[in-house]
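One chain, chain A, links the two complexes that follow: it is found with chain B in the first and with chain C in the second.
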Partner chain A sequence: MRDVLTAYRALARGGTLVAVTYRGRLVLRVLTGFFPLLMMAVWLTVVAESGPPAGWTSADFLAYYAAATLMANLSGDHVVWQWDADLRSGDLSLRLLRPLHPFHQYAAADLGQRLVTLVALAPALALAAVLSPALDYPVTPARLAAAGAALVLAYALGLLTASTFALLGFWSTQTANVWLLWWGLGSFASGWVAPLELLPPWPRTAAVVLPFRSMMGFPVEVVTGRLDGGETALGFAVGLGWLGVFGLLYRVGWRRGVRRHQAVAG
Partner chain B sequence: MIEVRDLAKHFRVHRRQPGLAASLRSLVHREHVTVRAVDGVGFTIPAGEVVGFLGPNGAGKTTTLKCLTGLLHPSAGTVRVLGHTPHRREAAFLRRVSLVMGQRNGLFWDLPAADAFEVNRAVYGLAEGPYRAALDELVDLLGLAPLLGRQVRVLSLGERMRCELAGALLHRPDVLFLDEPTLGLDVNGQAAVRAFLRDYNARHGATVLLTSHYMGDVTALARRVLVIDRGALRFDGDLAALVEAHSPHRLVRVTLREPAPAGAWAGLGEPVDVDGAVVTLAVPRAETAAVAARLLATLPVDDVAIGDPPVEEIIRAVFAGA
Partner chain C sequence: MIRRQLRVLRICWRAAVAADLEYRLQFLSSAALSAFWMVWAVAGASVYFRFAGSVAGWTHGEVLVVIGLFFTLNGLRQTLLQPNLELMSDHVRRGTLDFLLTKPFDAQLLVSLGRVRVTNLLDPALGLVLVTVGVVLSGRGVSPGRLAAFLLLLCCAAVLLYALTVLLMAATVVLVAAEDLDRVSFAFVELSRFPVDLYRDPARTLLTVVPVAFLTTYPGAALLGRLDAGMLPVAVAVAAGAVVVATGAWRRALRSYAGAGG
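Here is the complex of A and B:
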């Protein structure tokens, strides 16, 4: 375990160094990190033109999508693209030769890159928090702990989900497209397109038990103080359940997939 | 050390004819064929030996190496390396082997090699002392000092290859698999890599299995060769024995004081190259000494040199006769 943690530190450092190598890439990464604010702009327009939907005011949307911006940048789903590229190019072989499971290699490098993005975004988010009264999130020790746990759960589930989908590359060349389909469907059930409270009753109920909310809507709702104790516990239970499901799927997928690995390109 | 028995690796691949009609047909009807990349290969390599692995493109060399390193699961047969079954990919096994692929980049493309070495140190769990000792030795042997602080992507191919070798050897593997390690390098680069590998083997007694299209790599490093073609092993033995078995002739290169008259070579050998007063004769191996003596006795000879045909030609003969 200590060896794995040491490797995580070194690989995360490598990811950080790669992320800060090119200024242009860093600027683009930070800019795209603000994409959730585009959805906020849409909802602010709705509020301005038609009044607050389901009682959601401009301040509510501001608070929600500021937290969503943080979550979007904590997503570990980028690993699916790296897996896909490595499987196609044959670079996965190099990772398989190291005495550390490729999952950890991708995860650690992604953590390093996330860190850079978050550090770059932090000043903007901090400034927004100071200037906007809407970003006055309720702070108690219990809520802080719940928010921290929800963020970790969201990152872990996103990483594991993406890694599980990446294993499809052992069977198909369409991993990225399948992932886009999953992500597209999930964007409605995650709270990305709209806060789940604004959905009709049955999609909202479905979203509560699907995995997508655990990676976006749930931690945002915890941060913004929209959940009571029972709802928070249910959210954690659902997220942990899906973490177990994808952990199992990953394990089975890896065992079967790596047997099929053709180690292409050289 | 390395034991391979009846190794087979078969791939099921999608086959499609070129053209639009074939593309559309393949949408509804997939046709697959089984490619027998490796089919019943067996050999043993003791600790510390350097073995050359020869074969034309698609012969099964790289597939065999990938089975030996655990990248591929064999379709049949058994593989044992250092007492491990490679495809189980146990960390204890992976810490003791290394595979260098000439056309693959195991370093961070955007970072200096020194950063990638630090990552390898952590991934292989190397303590500071052994890591520093290995790094210092590799930097010295491969002349890496001026390269360590430069981005890998701006290095020349030869420089990058030297860094790749260092990265692959920091953990001092007991078994080193090399797949075309000098691919694309110029003559100086090839010589540097060969000298390093020879030195590394001498210092650490590492077992080395090497594939290369450059015969110079094999003749410089390996006494024993494995020749594989169409997935089957055609030869396993000394390079000298291979030459003897597949080349019934030796080459006698004669330098005369003046061009020889027509018919001067009758009964001596087959002229395979005539360049003014320098003539190369193919002579039956058993008669080489006698022919050389007759040449010296009957012609105005300045110099006589006897040698074997280039190994490339012999390998071609092996494959042609397979």
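Here is the complex of A and C:
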């Protein structure tokens, strides 16, 4: 266990260094990271012209999308592309020889890169908070703690689902497209396309039990104070349940897949 | 001269298409995914119209026209421009650009259009279907004049996108490690998913200057008969200007290129 933690520190540092080496890339990442704000801009137009939809005011949209932007940039789905590339190029063989499970190697490197994104994004969000007084979160210590826990859960679940889908690469070359289909299906149930409260009733009900909301919308809803105690508890239960399901799927998939694995020459 | 260039391009494309079609499953699953994204984009836009009859003066059908044009242009970008842009950073890093430059052929043409990828070939067609659906839903009908203006503006949009790609290639030559420059062209097209009016000022003015509005908003508005005819010469001038700037940047970049040595 201590070995794993030491390795995490070193690999995360490596990921951080890679991220800051290509500074131009970092700037582009951060700029394209603001895309969810476009959807917010359209909502603000709707509010200005037709009044608050379902009671959502401009301030509500601002708070929601500022937090959603942060969540969108923390998703660990880069792991899928990395894993896919390594399977194709044969670099996975190299990773298999190291005394640490590849999952941890990818996860630690991704963690390092996410930290850089976070540091790059934080000043922009802080500036937005100062400039627009409407951006205000009803924070209490308990709610902040819950939001922090939900964020960690979201990141862990995102990383685990991405890694589970990446395992498909042992059987098929279509991993990327399968992952895109999964992500696309989830984009409605996660709160990415629009806040879940604004969707028609049936996708909203489905979203409560599906895993996607735990990875994006749930932490946002917690920090914006839209959930009561029971709803928060339910959200955590659903997220933890899916964490268990994907943990199991990953273990089984890994054991079967790695046995099938015939390395591509490096 | 032009006939020779077309012949060379045709040979390049035939080779690329043959190579792509070896991965048949990839082709089929990508085509299915294209249709899926389109359905999803339409569903996503309809969420706004649950709460408003029109947004910034655009009705649901009219917005669908612009979304369809977005898919058309994005498909063109993924088919013609993206594969070349990806290859370009390899050319510069590995020094294979040296070989291309010594060939007795226009290097800009070869580098910017020499490759095609067929995986997203369906997108432009699907996009135009959605445009048709949107026009019907908007109930505005079509006239030959509007159709002509639309086609002219669509050509201007394609030229604009091409100019951006050449500009990014010039940037690749100067910056070397710039694989992610492809994200710029992605972002440029992605911004044109909705009519720029939906974002209101100051974003709308910014997107008109940048000139994202010329990609889908103006061609869509022309087709729907809601564009001022005075915009036509402006669009042509913007497209022509962009090509001049991009070609100039490409030539300048090549002059500073020292070769990487294979």
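The working rule: the second predicted complex is superposed on the first by the 265 of 266 C-alpha atoms of A that agree within 3 Å, B and C clash if a C-alpha of one lies under 4 Å from a C-alpha of the other, contacts with A are read in each partner's own complex, and residues count from 1 in each chain.
Throughout what follows, a residue touches a chain if its C-beta (ideal position, glycine included) is under 8 Å from a C-beta of that chain, and two chains touch if they have at least 3 such contacts.
Just so it is clear, the structure is predicted and the values come from calculations on it, not from any experiment.
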item: Touched partner set for A:Asn177, first chain B, second chain C, both or neither; value: second
item: Touched partner set for A:Leu199, first chain B, second chain C, both or neither; value: second
item: Partner chain in contact with A:Leu44 - chain B first, chain C second, else both or neither; value: second
item: Touched partner set for A:Ala145, first chain B, second chain C, both or neither; value: neither
item: Partner chain in contact with A:Val209 - chain B first, chain C second, else both or neither; value: neither
item: Which superposed partner A:Leu17 touches (first chain B, second chain C, both, neither); value: first
item: Touched partner set for A:Ala54, first chain B, second chain C, both or neither; value: second
item: Partner chain(s) touched by A:Arg259 [first = chain B, second = chain C, both, neither]; value: first
item: Chain B/chain C common contact set on chain A; value: 22
item: Chain C-facing residues of chain A, complex; value: 22, 24-25, 28-29, 31-32, 35, 38, 41-46, 48-50, 53-54, 173-174, 177, 180-181, 184, 187-188, 193-194, 198-200
item: Chain A residues within the chain B interface of the complex; value: 3, 6-7, 9-11, 13-14, 17-18, 21-22, 90-91, 93-94, 96-100, 105, 258-259, 261-263, 265-266
item: Chain C residues within the chain A interface of the complex; value: 23, 25-26, 29-30, 33, 36-37, 40, 43-44, 47-48, 50-53, 55-56, 175, 177-181, 183-184, 186-187, 190-191, 193-194, 198-200, 203
item: Residues of chain B defined as touching chain A within the complex; value: 11, 62, 66, 69-73, 87, 89, 91-92, 94-95, 97-99, 101, 103-106, 108, 110-111, 115-116, 118-119, 121-125, 151, 179
